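A short worksheet on the structure shown next.
Here the chain labels run A, B, C and D in written order, and each chain numbers its own residues starting at 1.
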């Protein structure tokens, strides 16, 4: 039941505040994690049908009456669903222990679930305006979550995020309206068909520019990125993980590329523009990350940089490039989720995120240090971890597409990436122990467990990249690479 | 037409204020007003549902939320604004307006086959029959908003520990 | 006897050497007995192989034409015999001289290892095998010099190592060139007309050969070693083994591998080196105040004769050179051994402190005198014969200047030995050393044997010349008809011999003039020449090691190393350490400054970015 | 056992075994030692069983198909067998040495984990015949190195570790780009399938970045002297046995065995190798830190190996390959001697040492023997390798290059003897005893092996010759 991806979290979220009154901790913990585990299971169970059928279209009737409630699932959004479910489960596991000192777990979980519902909805709907709306669902929840700590900085960051986000949504909406104006429909299939019949290159070009700006801001592409380094570090660690690991990818990358590939159709021009944007993000953010003292801020910039990679891969337009981009999306979701959770562990353990104050933690907190290392190296693209393969595929695709320059920059940017991740390693874990931290203890069970799970995924995907690639990435990439044809096949 | 222009000007002014205001609270309020203007414009442009959402989502819930929260947790540190920023933003903004005016006009001329008008039927019918999903989404938004209220206005007992 | 017999001269001493390393230092006598017995066995082996004349052994080794290829023929058999003879004498001598040395265990080990390597080098018929044994001698030389246990011993050892290394590396290069041009590494298959690259190959291989022999300018470690190394080593290595090997190879290079033509440029090079070595080294020898050091300079100077002789490329000259090699090995070993005998008893070798020892050490004095007269070329000793041959050869080339240089060498050789003998054994008894007596038999015996050999090879010069030398030159001689090397031997009545005798008389004059001027102190006999204007300054510079190519070379190496380090290595590191990080940091700083937390600013970028994107898209669409 | 199985075991026994080291360490340190030695010993023993296969010649390909043409391909031929024997054996010796050397240090779990992982990855790299897997193992090694260099965790030590990691990683990813360019041209990463393919100069340049950075060749060398902050065992492992040979091995595997590179590049590499050799020798002469000198010496010797391989005639190639073995033995010996000295004197500046031959004679003699081998004096093994490289160079009409290389050899002699004199001779400044038997045992074994390798050169040479014929196929 595909619809459950939206409904279950929404329902659970709705009852959560009430349940929270009954039991402050246990019930919200169990319920949330159960719901998310169910979703993960669900997404795994869907693999086979999708593998066989290619895509699933569901029309839901409401009390016998046929209403316009339609869901389209193909291997691409199944891949996204799986990623969302997986990472969010890890995050909610982490929250069990982490949220102890924030209190109001029920509220937190409710918002988290709404956000997940929003993302799931965004991924599932085959309709431009619905995309916009679910985008807002996820966004609104995220505004609140960013400010969850209620400090002035958090609120300011959240407000900034809100402001810029609103501008972005507005432009995305503007673009949607223009398209609606041209085709009189919002449904992917109709729009795709309509746009094919029209010859309106320039208008579509401008629409795309608006989309790039709108979704690019959500995805935090340079120069639309500036909200992210404030918003992500301000949020509680699980939320940072959520935002960096999932939200920017779902509401930014997924939406943008779903529309570009499946609705409008990829053109060399778009490819050029997006590759350039991706590359700029990659490099600029990498340099910015270098100068950060706050772990989370550095990770936030790193997210921008890695989104640059993802966009670069997806924008190449070849099946291999898309596969690389998607693979990196997954790997980055896992690894960045891991790293943000890990930063939460660090903060929980030491009470600070300032790299200058940390040092030599590796000895006292081997699990945190080890998982951090795995995540860092995975993102930096050091084999045999997962991130290596995705970067490899992206660069392979770039070379295949005869984009030597981009390939070189991507390579050099990965050196920068390793550079700043080594900074974290050196200052926080690897170096000499700061005397201050000689009595610290390892993070609580669930926090470490979440870290370890994600780290294991990084490693296992690296080692068993072939089955992962064949069952998950390749079909998803093919679905996207079929372009407009994919939507036409749905036959809505 | 005059109303339209007034609304547009108001939108621009308040949007600008929202961005330029040093005080977070004022900025939030400006944003709310700007969103309200936008919603009205949507309505007037025969896009009722867009208007509804605009007002409910942005103008209504969120901004007010923020305004309230910020007013509760105000801090007195003044944010330094670089002069460059003061110049750069209006510059870009004006540039955008000009280009927008020029480009959009020519673009709109090129838009082929503009449809006759909004879909038939009342607002409710449209919403129910054709945009059912949006309704769910809307529920989600409202739920999010409610939860946000709960979260942001929670008792701050535990916060004191921090 | 099978071909495997050829392995014996190599494996046997090597095995004995390992045995020596295993015998603990505490154990006495066993070592000495073992040394004498095994060197006797080797001597026997030398005779046995000499009687065989022709034998060869080839087994696959490294592939690519690098075979383990040993070949015994008259020349190598002769050198092999000589080597084992000297080894025997040295061992005999060492039994007493080195008995109480703290590192006696290693000493014998290295001596026998050196013997094994030398035998291998002589027998090898493959260039790679040759250089293998040849270069391996560096290690034993190094080790033996350090056994001197003086504070500067190691420095000298390193000096010998580096000089030797330089020469041997040159030889490797030469071998490489030779291989590249001939395509074979088997020594008896290589016969090259020297022109083009082969000239370079010749020069490089020649450096290897004369470097081993200790010719200028690769000599400078020998005088240092004279003081720092055990005297037995001096007798063993620079006096006999290295000369034999170096000149053996030089002869083979000039005769076999490259057919040296009379007066060809390479022959000239050799002769110039020879002549220069004779004169310069003898001038250095003359002024020395230490017995061993004086001898060591002569060891260098005499090499000049051999090189000069071979460089003439005239049979009589070559024969003279080779004959001089064996003669020199005999008398120079004898001389070093007698200096060792003096050191053994008197405890010092400084000429100033010694004097009038002849009465107490008559046999040593006798042995010394015979060897000294032989090296000075006094009729009828072996030195006279071989020097005459070299003079004749040099004159026949048509460049009398070389003969003159040789004669100058002869003058000062004799002068310096007059000085040495006079101040050590004759003249008034020195008061600085206590009363002493003759050394033990194992020390005196080798000296006397060598002295006797000097006389024998002089008087019965036909014996060595016809048995040993003539076969070597048979190939060379074919072109020039019958070969009789003994024509000039002991013939006093020809102009060349006349000049030689005149030289000796001049030397006597110089010595007694100096002796008189120096207040009848024999060790000051060379002072008039030492203080000569012009020469004095040169001597001073030389004492300051200004002419020591090694010292200058080391300075150059250090300078070069600093240049490489400061101007290549450090700047490269600077790029990684400073420049790249600085670039990264400044870029980061620049970008960070832009992120000032103002969302107006951020919004400006957003909208600016949008405009740019629109513009680019429209541009691209056009 | 089948040859493929053996090579698979050679790779995966240490890699998987290393993961169990921390577990063993939790149980007891003794178990950890036993386990490490066991794994190391097995890894060293397994390739030895492949010698008959190597002497038979020919190659055996093991292939497991994976996605995107990134197949896991092993090539078992004389070259890979030779290389794996050399590295695993020295790795094993170093593990034994570590038992004494690391005895009192913290984080031993991590240490043995990384060392064994390192060895395992090296085995993987050696046998891999897929460019991507070569890169993959290449980087695992880099990770292990990084942890090991920063092992003592002082601030500047970790900084050096980062420097090493970044430089080698940077070089390697650039190399990866080169690989992918080749992939773009041929559509495969399979080396066996690409034999004889001519590759463009750009790919050569990019790949050289990787090789030079890993093999510490000027101008990408400066991390290696800095990496001397690692425990000495590690520097020995890094410098002597394995790490710096990776680039060289890759050169042999890629530019000799597989690809045809443009003519001009060949010459350029030759020059770079010689210059690297000379510059590093110069730096070694100037330095005063014991380990830095040896590190520069390593750089200098690597130049010879590159020279031999880039000359690309049978003589020089076999010289280069032989050099890998000989330098591995001798330089490991030198580093481990340095380790003993540093361990007991707690000094690293050679000017502060002196006269140590009196208190540690075995170490001193072993040092001297290994130094002679590095210099290239017979009858030690180093002689033959240097000789063959030089002879090959001359054969290829590069006389000046050969002369320069020999000049460097003189410089090598000079600085190594300087070190020996300053450390072991002269007045005894710090009376420090020789440490544990396992340490002294290992260095003397290495010294003896250097001698034996020279005396019985014909045996390793046979293997090398097989490898040479195998990789210099274009000469047939």
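One rule holds for everything that comes next: contacts are C-beta pairs under 8 Å (C-beta built on N, C-alpha and C of every residue); 3 or more make two chains touch, one makes a residue touch a chain.
Quick caveat: nothing in here was measured; it's all calculated off a predicted structure.
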{"item": "Far-end chain from chain C, centres as C-alpha averages", "value": "B"}
{"item": "Rounded Å distance between chain B and chain D, as computed from the means of their C-alpha atoms", "value": "64"}
{"item": "Separation of chain A from chain D, taking each centre as the mean of its C-alpha atoms, in whole Å", "value": "43"}
{"item": "Geometric centre distance via CA averages, chain C-chain A, whole Å", "value": "78"}
{"item": "Euclidean distance of C-alpha centroids - chain A vs chain B, Å", "value": "25"}
{"item": "Where chain C touches two or more other chains at once, by residue number", "value": "597, 599, 601, 603, 608, 610, 614"}
{"item": "In chain A, residues with contacts to at least two other chains", "value": "163, 202, 206, 419"}
{"item": "Two or more partner chains touched - positions in chain D", "value": "none"}
{"item": "Pairs of chains, among all present, that meet the touch criterion", "value": "A-B, A-C, A-D, B-C, C-D"}
{"item": "In the complex, chain D residues that touch chain A", "value": "66-68, 70, 106-107, 132, 135-137, 139-140, 142-143, 147, 150, 153-155, 158-159, 161-162, 165-166, 169-170, 173-174, 176-177, 180-181, 183-184"}
{"item": "Chain B - residues contacting chain A, complex", "value": "18-19, 24, 27-28, 31, 35, 38, 47, 50, 53, 57-58, 61-63, 65-66, 69-70, 73-75, 103, 107, 110-115, 128-134, 136-141, 143-145, 147-148, 150-152, 154, 156-159, 161-162"}
{"item": "Contact set on chain A toward chain C in their complex", "value": "160, 163-164, 167-168, 171, 201-202, 205-206, 208-210, 212-213, 216-217, 222-224, 226-227, 229-230, 269-270, 272-273, 276-277, 284, 287-288, 290-291, 416, 419"}
{"item": "Complex contact set, residues of chain C against chain D", "value": "60-64, 117, 128, 131-133, 135-136, 138-139, 154-155, 158, 161-162, 165-166, 169-170, 172-173, 175-177, 179-180, 197, 200, 554, 557-558, 560-566, 568-569, 572-573, 576-577"}
{"item": "List of chain C residues in touch with chain B within their complex", "value": "596-601, 603-604, 607-608, 610-611, 614"}
